[in-house]
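After this come two complexes, each holding subunit A, first together with subunit B and then together with subunit C.
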Partner chain A sequence: MIYADNAATTKTSRAAIDAMLPCFDTVYGNPSGLYAFAQQAKEALEDARARIARCLGCDAREVTFTSGGSESDNQAILSAAKAGAAKGKKHIISTAFEHHAVLHTLKKLEADGFEVTLLDVHENGIVTPQQVADAIRGDTALVTVMFANNEIGTVQPIRAIGAVCREKGVPFHTDAVQAVGHIPVNVREDNIDYLSLSAHKFHGPRGIGVLVARKGMRLYSLIEGGAQERGKRAGTENLPAILGMAAALEEAVQNMETNAAKVGAMRERLIEGLAEIPHCVLNGDRNERLPGNVNFCFEGIEGESLLLLLDDKGVAASSGSACTSGSLDPSHVLLAIGRPHEIAHGSLRLTLCEENTPAEVERIIDAVREVVAYLRGMSPVWRDLVNGKTPFVIP
Partner chain B sequence: MKKALIAMSGGVDSSVAAFLMQQDGFDCIGCTMKLYDNEDAGVSRTRTCCSLDDVEDARSVAFRLHMPYYVFNFTADFRRLVMEKFAQCYARGVTPNPCIDCNRYMKFDLLYRRAAVLGCGVLVTGHYARIEKQADKYILKKASDASKDQSYVLYAMTQAQLAHTRFPLGSLHKTDVRRIALENGFINADKPDSQDICFVPDGDYAAAVERICGRRFPDGDFVSADGSVIGRHKGIIHYTVGQRKGLGIASSEPYYVCGVRACDNTVRLGRIGELYRTEADAADFNWIGGSVPHAPFTCTVKLRYRQPEQPVTVVPTGENTVHFVFGEPQRAVTPGQAAVLYDGDIVLGGGTLM
Partner chain C sequence: MALYSEKVMDHFRNPRNVGVIEDADGVGEVGNAKCGDIMKIYLKIGGGVITDVKFETFGCGSAIASSSMATEMIKGKPLADALTLTNKAVTEALDGLPAHKLHCSVLAEEAIKAAVKDYYDRNGIEYDPSQFPDCGSCAHCCV
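The block that comes next holds the complex of A and B.
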């Protein structure tokens, strides 16, 4: 099997597993206990917090542990909204291609009387700082823009957008789930007020993430209970996962340059190899994209069939956004960059990591070429396109 | 090995069908068609995603049988080919049967094409009906268990479709099916049979039609056979031929809906005697054998799913049109419903009543 779905989740690294194991049977105390044994756990917890903060360029006190990216997004946005509403500010700016953890939270706020402006992300999948500047109003409570897109991998000009927000005095949140561990992210230098991340996207364990809230930014608890995480997130700390996350993040940050160079080269070859297929198009900006992300649309192809047959050939890939049933809906991201409905249905996302090899990339290219040709060979839609009965959307 | 794609709804029937195909030596793939979003069916988004409980039941059975299992998203096609057609029929004053369209356009056409993509030459469903080969023709027959027979909703099948479809439950009784499910520890062995139209789970057809059409239907006049106005109706989509309840007209002798006319937005009411007809026509008629009979002949007909068969003289009037002369007057012949012809156990064909 060739695993090319690293944006969905990653294999947990050896370093992360080794960091976690002692927590299950050696340092298993509850960090809230007052005896010495619990203090060991508490120390390990705070040590992990400090190391994670160093990797992110923020203060340890600004790091709150959550269950992952979705929870962090929810908490950041709802907190900023509540703080804004208290001052009569009920306007939020975001983009049309955010993750559903952001978009659905914004929908909920809209129902509560907030006004939401979703910025256009253009055909290249990038929003500009100028758009943000133009959209900010006196009653803007929050700007939330993802660091890098989960489907098409485009990297946003976060530092410049942060600077615009800072200048106008508007809190700025970024969903950095796809970026952290893969490209440089620094809370201070990038002018970020709230940041969400998830450990399993950089070879950490699942079910653990971080919400960074810069000093002075309000944070309201979504989960009531004990006083863990300084009262901002109740529930006994998931210490094994937190230690695994810290180890994975340190490893990812240390090796970032080497990994990005290796993965980036494989991405280039993959894009080059797939681009030779007739009537296909790369989604997202050619250059401003994550090192491991490749996303193509193929005309006359159903994404579902493409994935099933690639699975049959041993390639694990994805397309669109999978609903909980595992079936596919046309991607809101591809619709946001202007791909028509029928094209958005025929997309393929391949996401590589440093464990993939150039030989695997060649096998992926061959497999995609074969499957696309096979599916087009039996597609009435493709026949109509070739016969000129319907025009091609992708030249 | 021969490969089969099993259409699994999450119910006990299709689960047992999957098991039987596997026993029969087929390399099986299970799948569930995602046909609509909850919003389309008027169910709150927050409840579950795309009838997720059914999907989880089907998945559980497929896993138990060690079959690969997929959910296919056919929502756009289902909306276009089934739901919108259903709503348009009501808007035209006729009473459709969307299950027939779903079998015809979704299961035995689009899903079969998906099966072909996956290299499966056989499509399997949990319908109660039998397919047999006689000489060079395939015939569609009623199920052995008469109380479960579903041949009525399968009349639109073609020779090509019959050739690559299997109904493993056709010769079984429902009690056998539940027993097989229990023996194999299927999670859904005791699940009740589905009753309603799947995308109208609350049974409120009129609300579904308005939701799909995105508009309301105006109220209008109840008229009698001679055209005189005898009351107000609340929109034609609320009425179907033969209906007695919910008319809101006080009368010593009950009124029945005898006709629904979209062109002048009227609903014609009459006494019980006016509901009976001795003749009818059907269009969009499918002769399962593939050829149209040359001369009139007699057989039996079902004008509704659960109606006992009635004697009829059939007069083919064109490639796909048929005239019926009933042996006895028939109550509430409803435009839009299917008329299906039988010769004993064999389905001869069927069409849509005009």
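The block that comes next holds the complex of A and C.
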């Protein structure tokens, strides 16, 4: 199998597994205990926190462990909203193509009387600092813009957006789930107030993540029941996962340049190879994108059947078609960049990592070409396009 | 558990009766590209019997499998059988479909009926219009 769905999740690295294993049967104390054995676990916990903080360019006290990106997004947004509301500020700025962990939380806040402005992300999938500056009002409680998009991989000008927010005194959250471990992310230098990340996107284990809240930023607990994480997140710490995450993050950060160069080169070849298929379009900016992300729409076919046939050919990928999303509408990300419904249904996301090889990329290109041609051969939509009965949307 | 039954995967991987009948006696097309499914059925009819049937589908795995199975179920059968083919029968023949995919079997039923209706219209054969629900009667679509 060629695994090309690394934006969904990644293989846990050897370093992460090795860091986790002792926690199950050797350092298994509860960090809250007072005896030496428990304190050994506490030390491991705080050591991991410090190492993670170093990787992110923040203070260890600013790191809160959560169950992952979704929880971090929820907690950051709800905390900033509550803090804002206390000062009479009930306006939040975000973008149209955020992850649902952000969008659904914002929907909930709208029902509670908040006003939400979702910025346009343009056809290239990038929001500008100027848009953010123009949208900020006196009652803006929070700006939340993702670092890199999970579907089309576009990287946002986070540092400049953070600078705008800092200047206007508005808290700034970024969902950095797809960015951390893949491209440089530095909480301090990038002017970030709240940051969400998830370990399993960079070869760490699942079910663990971080919420960074810069000193002075309010954090309200979503889960009550204990004093863990300075009372900001109750529940016995998931020490194995935390140690696995620390190991994976350090490894990813250490090898970032090498990996990005290798993965980026494969991405370029993949884009070049797929672009030769007639009537297809790359989704998201050509350059400002994650090293491993490739996302295309192919006119005249539907994404789910494309994925199933690619699976038969040994390629694991994903799509933004309605059939794969479990809803009736195709991906909100593709709609946000202006792709019409019928085009968005025919999308394919391939996300590579450093374990993929150039030979695999060639096999992916061949497989996609064959499957697209085959499905077009049985598509009445394609027939109408080819016969000139309906105009092509993608030239 | 796999997403689809083996029957569905078989008809999806090796669809029967894919193609076009250039001199078809009846053609039916249902669905909407905006919703992600379009099915087109071509019928060749002789002596009240469906002598040949072909389909083209733009859609997900279950849409392709439903088209394939539905064409198999009416090929060589009297025209009346095509009108009594239900989406339930198609679904059962496929050993079931996931709940959110049942609509694909509805499309197959409707596409076949639309093709029969086209045949009736072309030949001035009278029929009861209520036998032929149109695409708009289905609440599935996003349009």
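Of note:
Everything below uses one rule, namely that the second predicted complex is superposed on the first by the 386 of 395 C-alpha atoms of A that agree within 3 Å, B and C clash if a C-alpha of one lies under 4 Å from a C-alpha of the other, contacts with A are read in each partner's own complex, and residues count from 1 in each chain.
Quick note on the criterion: contacts are C-beta pairs under 8 Å (C-beta built on N, C-alpha and C of every residue); 3 or more make two chains touch, one makes a residue touch a chain.
Here the structure is a predicted model, which means the values were calculated and not measured.
Contacts of A:373 after superposition: neither subunit B nor subunit C is touched. By the document's definition of touching, of the two partners only subunit C reaches A:381; subunit B does not. Counting residues of subunit A touched by each partner, subunit B versus subunit C, the larger count belongs to C.
In the superposition on chain A, A:305 makes contact with both subunit B and subunit C.
Within the superposed three-chain model, A:227 lies out of touch with both subunit B and subunit C [touch as defined at top]. Of the two partner chains placed by the overlay, neither subunit B nor subunit C lies in contact with A:265. In the superposed model, A:329 lies in contact with both subunit B and subunit C. Judged by the touch definition given at the top, the superposed model places A:275 against neither subunit B nor subunit C. Within subunit A, the residues touching subunit B in one complex and subunit C in the other are 304-305, 308-309, 323, 326, 328-329, 341, 378.
Per the touch definition, subunit A reaches subunit B in the complex via residues 304-305, 308-309, 323-329, 341, 375, 378. Note for the complex: subunit C touches subunit A at residues 9, 12-13, 15, 18-20, 29, 33-40, 55-61, 63-64, 100-101, 140-142. Remark: subunit B residues 32, 34, 49-50, 52, 55, 70-73, 75-76, 114, 116-118 touch subunit A in the complex. Of all residues in subunit A, those touching subunit C in their complex are 300-305, 308-309, 312, 321-323, 326, 328-330, 340-342, 345, 377-383.
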